[in-house]
């Protein structure tokens, strides 16, 4: 019957979509594994290990990530126009990826990892396979969440200038976010947490300042750990 | 120290205990706010109590109506109606006195449960009496005499009316099961049509209601009640049809068990 | 700065997406209003009003729906490839639309509204703007949920043939669904409810049959209410 | 039938209320936009910009706010006695408005913005359209939430007298709040947070005092930033 | 300290209450065991075994129950005025006991087991240890729940008079329950189920009547199964 | 129709309306049950109302206590204590009258919230006055005069006492923050020790309580309150230590800001 | 350090357990696929297809099941003594398997599939890898849940003797279950549902009986569909 | 019949399992009582009582625990291979036991209680009755949850070296946990809480350090309270 024919047709299509999703999840699981390792390495920054040592391993893994995103792109190529159909299956992992790349970039250069830079690092600079802006922004919020702890541990390690630098960075980032008219609830909530991070860093800087531990603002330097 | 801006008064109050350094302009204002909040809370408490009284007594009216059967309708309804009037005169009137002259919406959460139960009881009585829906206008007309004519009278708002109506279907379901047992099939079918109508009308109204999450839950319960009524009617209907098929000469037989002992 | 430039850029893009979403929601609100009215009219079928009377109003509104879906298509045209980005904003309403159209179609013809027929009625037969299969299937499950009540009320109105016809229809529909390998949890749950509907209709038919109230299966006719 | 008539009547009334609510929300959205801008401007106070500069923009917007509240009053005029029916639709935004006006007022005069003053500024000094006292009080608590950050940033900017002034103000405000009997509601929770703000400001004041950074009280001045 | 002393005191008291509760639960477990056995025996009534056989075992166990309630009374004697403190620990089992006793009583006499009769059977006719009326009433509702199945099985066994008798009993019981004003609680829910039981028994009675299977009322007999 | 077992009376009642065929033995008994349930429900309502009154007025006492500061202690506590006596004499006494002569546990759920709040208020006053815990015995001794000496007097039970005590820590936390602000560090540390003690004692008692799911939730909240007190003490302690390190000659300075204006 | 050594050790062990669990789940997924197919085939019994046709496909798949349970046994062999550690990962699927096998067995023989028979069919008759009794019992409850629908559909297909046979089977099964002292909550709940199934089948048999549709009990036959 | 025989068999087996479980629970209740007392004694550590006094009572109870675990082992001996069948009945209590033993051990030695040490203390070093690794790990997480409060109260008592020592311990423990690939959701969540504990201790140490209240790292000592 035509009903049977129709449902036979559905069966094929739903199975295709199902196997596509499974392949996506397989790739995403690998991405998740790599980010867990990268994250674990990066956490050494709180133990005040030298920057070069901290960054060595995670930097070595960026290429692996890029390759995985390449495979993701290939899968999504098979269903043009359905990027957002499967977006939920990999967005949270991608936000983590962005936050890690942005942290590494900031540790090295003291600068914000730009959207296009992130896309390049992940090979997502294609028409059909770009980095969603909200994912990028949420990743930046995760980055800021790491800052208060970073600042406290840097001070414990005797790096009293760190709070001032981080404060300047977060103040700029905060100002930039404020330009946006955030309607996305999750992003808005993460942005609120950015405000708390900023407040906490202000307080640490205040602690340094009133104890005359912080240097003046005159000497500028790139990077976040002077002597790294 | 009258103001924070004047340094001249400083010496004179340096030794005054700290807590009464509160700027007097703040103090006076906050004394007012404190009075306002106290009064509001106490009024809210009184309203909640009145609402609870209305609830418990409206429930009694509903149970009275459920005592109906084929042969005592008049007697049962008369008592229920009298009790309902008593609820209005004794308890609703207390609510009216509390709320008069205020924005009725401010304390709505405090009195809404009682008013809803009253609506449930009043519409239930009316349906049993006339088979029709007691409308809000009529209901509110009954409340007018309670209010001081000089000021805006307390009127039940549409939302509480609809919320009360939503609960009515549960009582109608119980009534329908009872009526079927009593052999009042016509009555049961009337209930069936009536509750279907209410359900249908409410589906159109619910999305327009102010804060309809409660109402949405009630609609689910209500659909269940309607289904129960329909299924009960179905089962007696199917048996009746079989009876006709079997060729009984006394079709009135299915209309109850009056002759059970005969 | 480049950071400001980037966020300025984001602001524009996020605002665009936001206003797109608002326009979609405005259309969806209108769709929702119409379906509400259609649904309320269709509920008259339980009051056993003549089919022509029951269907008159909802049929008159199908064109309105089609126009609204036309407007939805126009909005989505402005963001090619992002159909699924906004899908959640209108999918539940569309499922309801499908269930109503399918119910009307079944009342008139006794047949299942096919996917392509549904697409045609809504003007969704375009490459970029098609009716999602899962939405169509969920709509069919909603349709089946209405059936037990329909059967009960038809019998109450003296239409004793109805249970048999509905049972045959639901049995076929159930068999068709069973061909699918349902991975979508929501759809799977709705399909479970279809089984309960089938069971309930079986029971009503059983009650008729054992009392010899149901007609035989000999005389076939289209439509669901013989004399409508 | 009379039932249909009544429900038709309800639909009309509820539709009216609904469209009233939509108009209210439209106004409230504008209020929200303005407060967002005002808030963003006011946040510059934490970057220790001169007070005149900080206040310039937000002060310019107060008239806009007043006009919007005028429009709100007009809408509510159409449903006398139903102020509190729609209260939830604008109360949270109004609390924010109160907190901003109170912050600006305090920055300028060092005094608390009184309830009647707030009403005047917003044109809410009408019998039927007054500022709800709980909203006003909650607004004041929000105001206090901004204080610890303000104090820290003022000290960072070298304004060592600020903590003492803020402390005196918050102490008075706290004493005033203690006159109220609250329920276990939102206001009580906000009042609890006021206590923590007070404590934090005290700590900063101690920090100054310990280090003999704070001036004596001899030179009194209006406003909160001496030389701005 | 006095605080420690007081809490030590509490621990002693609560321990006492706890061990009291444990003793109550031990008794209740035995009650539950007996009722399970009684229930299992009584279920044979559905297999249409002779009444004397059905009742033999459960009747033999009533004395055991009474003794257990005597032990319960003793335990509760140790905490005068705290009957309702521990009520929840044995109320559900007692409701079952009431329903079983009432079923047996009804099978034997065709009459309702009265509250005082139930109390006597259980030795609960003491000032400090009475049968809670709500428990008794809930027990009666459980009794009615068994009736539809009983009636169906009696008819299957050829006892066509049974429906009429049960119907008369349930009709009376229903009328009696309607005198009560209930809250929206468990008892009301159980009372609703009584209505459904009544309806089901009526249907079976109709089935008999239609087919002229029921005898007239001429030959009355005690008990519910003529020849037991 | 007196009994279902006798067929002889059948003819005589065949025409009587059906609903009054209810066997009179059932009818009489159920009339009794109906009376019992009505009275119970009405009593429950009165008890709930008394409980709400106790709650709202006990809360006022608590707020009064929070108005304490270094210099008005006596005055503030005097008023709080007087208010507390008023709560007892006006509202608890009403509860006592309702419950006297019944099993106090039967309606416990109806009055427990009020009693808990009263315990909270009474123990809060007492702690501020003496720094010690008002024990249950003392509390109950105060209630004795309210009862008719002829019968078993109403006494607060251990469970309600402990539940009230669990809430006390929240108020102690607020008090501690305020005392630190006021420079009463010793007082704050006393509160810290006191609430730690209560928390510790309660951990041992909770598993023994009759129905301790409420209490378990309260224990979580309570631990949070204790942690807040400890952290507040820590922050002032650390600052004080730094002050000592900086070599101040005036260690009393950290004890508040009495000299803020000087 | 010894801490590191210990955690390194843990890492290995946890990873081993993790991969074991993954292998188990892979097998269980295959079991689940097969049971879905078997179930779908068996559902044809409700369409009153000939028994031989209904059973053909599912019978063909029993060997597949057995092989899968063999693989499960192999995996569990690697962790002796840890059968119950992973039990939750496959118990619900195994309960379904039992219910299907028992249904097929009953359709063919009219008899209950015994525990040892079930074990044999699945190759679970080993010391270390037996069929858990509770799983078997729960499977039987699932079996009974299918009976009311089966009976109704058999009657619809004109097999009026079916209710009597099913009733006898369920009565025996119910009596057998009542011998158990069920402490497991889930099993107890399922057993309650068995009572409802029994009651429903009683009602259908009652319907047949009062309409004189059921044959007498004289002629005994094995199997459940005499003439299939 | 064979069905009856089978169920009779089941009854025996289920009753055996039931009574086994009851015996396990009786032991577990005693374990729970002891841990409650131990915990309450250990809470004195927050009152800054001397360590010897704090540890006296709980140390005295370790033997009692060991004996109870011995009894547990005996019970489990009766059902070889079913350790994990009953694991849920005692795992949460055992996790608490581990956390208490680990806390006591750490207070005394400043070192982590190793898995084998915990097993020895409880007599769980048998082939058939070992301490589950996840239970041990969860117990360690509970231990870490106690640390922030401990540190705060030690500082309040003047023990300014405590934060540094605890921080070092938690940093090591955190690093060790990070080596694991946690798939167990509960354990993962507990590990997240460990991160928060670490962060809080960092903050306290930071507060001490910037005020020069913490001693230098030069002098190493075992134990956590210098003079205990």
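Note that the chains are named A, B, C, D, E, F, G and H in the order they appear, and that numbering of residues resets to 1 at the start of each chain.
Everything that follows uses one rule, which is that a contact is a pair of C-beta atoms (placed from the backbone, for glycine too) under 8 Å apart; a residue touches a chain by one contact, two chains touch by 3 or more.
These numbers come from a predicted model, not from an experiment.
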Review point. How many steps does it take, at the fewest, to get from chain C to chain D if each step moves to a chain that touches the one before?
Key: 2
Study note, to complete from the structure: Via touching chains, chain C connects to chain F in a minimum step count of 2
Revision key, fill the gap. Note: among F-H, D-F or E-F, over half of the B-C contact pairs reappear in F-H
Exercise for review: Return the chain pair with more inter-chain C-beta contacts, choosing between B-C and A-H.
Suggested key: B-C
Practice item. Could you tell me the distance, in whole angstrom, between the mean C-alpha positions of chain B and chain G? Key: 50
Point to revise | Whole-Å gap between the CA centroids of chain F and chain H | key: 35
**Study point:** CA centroid of chain C to CA centroid of chain H, Å
**Key:** 56
Check your understanding: Tell me, which residues of chain D touch at least two other chains?
Key -> 168, 171, 179-183, 207, 211, 217
Revision key, fill the gap. Residues in chain F with touches to at least two other chains are numbered 10, 18-19, 41, 197, 204, 235, 242, 257, 260-262
Exercise for review: Could you please write down every pair of chains that are in touch?
Suggested key: A-C, A-D, A-H, B-C, B-D, B-E, B-F, C-G, D-F, E-F, E-G, F-H, G-H
Point to revise | Complex interface listing, chain A residues touching chain H | key: 40, 43, 46-47, 149, 152-153, 155-156, 204, 207-208, 211, 213
**Study point:** Complex contacts: residues of chain A adjacent to chain C
**Key:** 1-4, 6-8, 10-11, 13-15, 18, 21, 80-85, 87, 112, 114-115, 128, 133-134, 137, 172-173, 176-177, 179-183
Check your understanding: Inside the complex, what are the residues of chain C that reach chain G?
Key -> 171, 178, 199, 202-203, 205-206, 209-210
Exercise for review: State the interface residues of chain B toward chain F in the complex, per the touch definition above.
Suggested key: 1, 10, 13-14, 17-21, 41-42, 45, 48-49, 52-53, 56, 69-72, 182, 256-262
Check your understanding: Can you list the residues on chain F that touch chain D in the complex?
Key -> 59-60, 63, 66-67, 174, 177-178, 180-181, 232, 235-236, 239, 242-243, 246, 248, 253-254, 257, 260-262
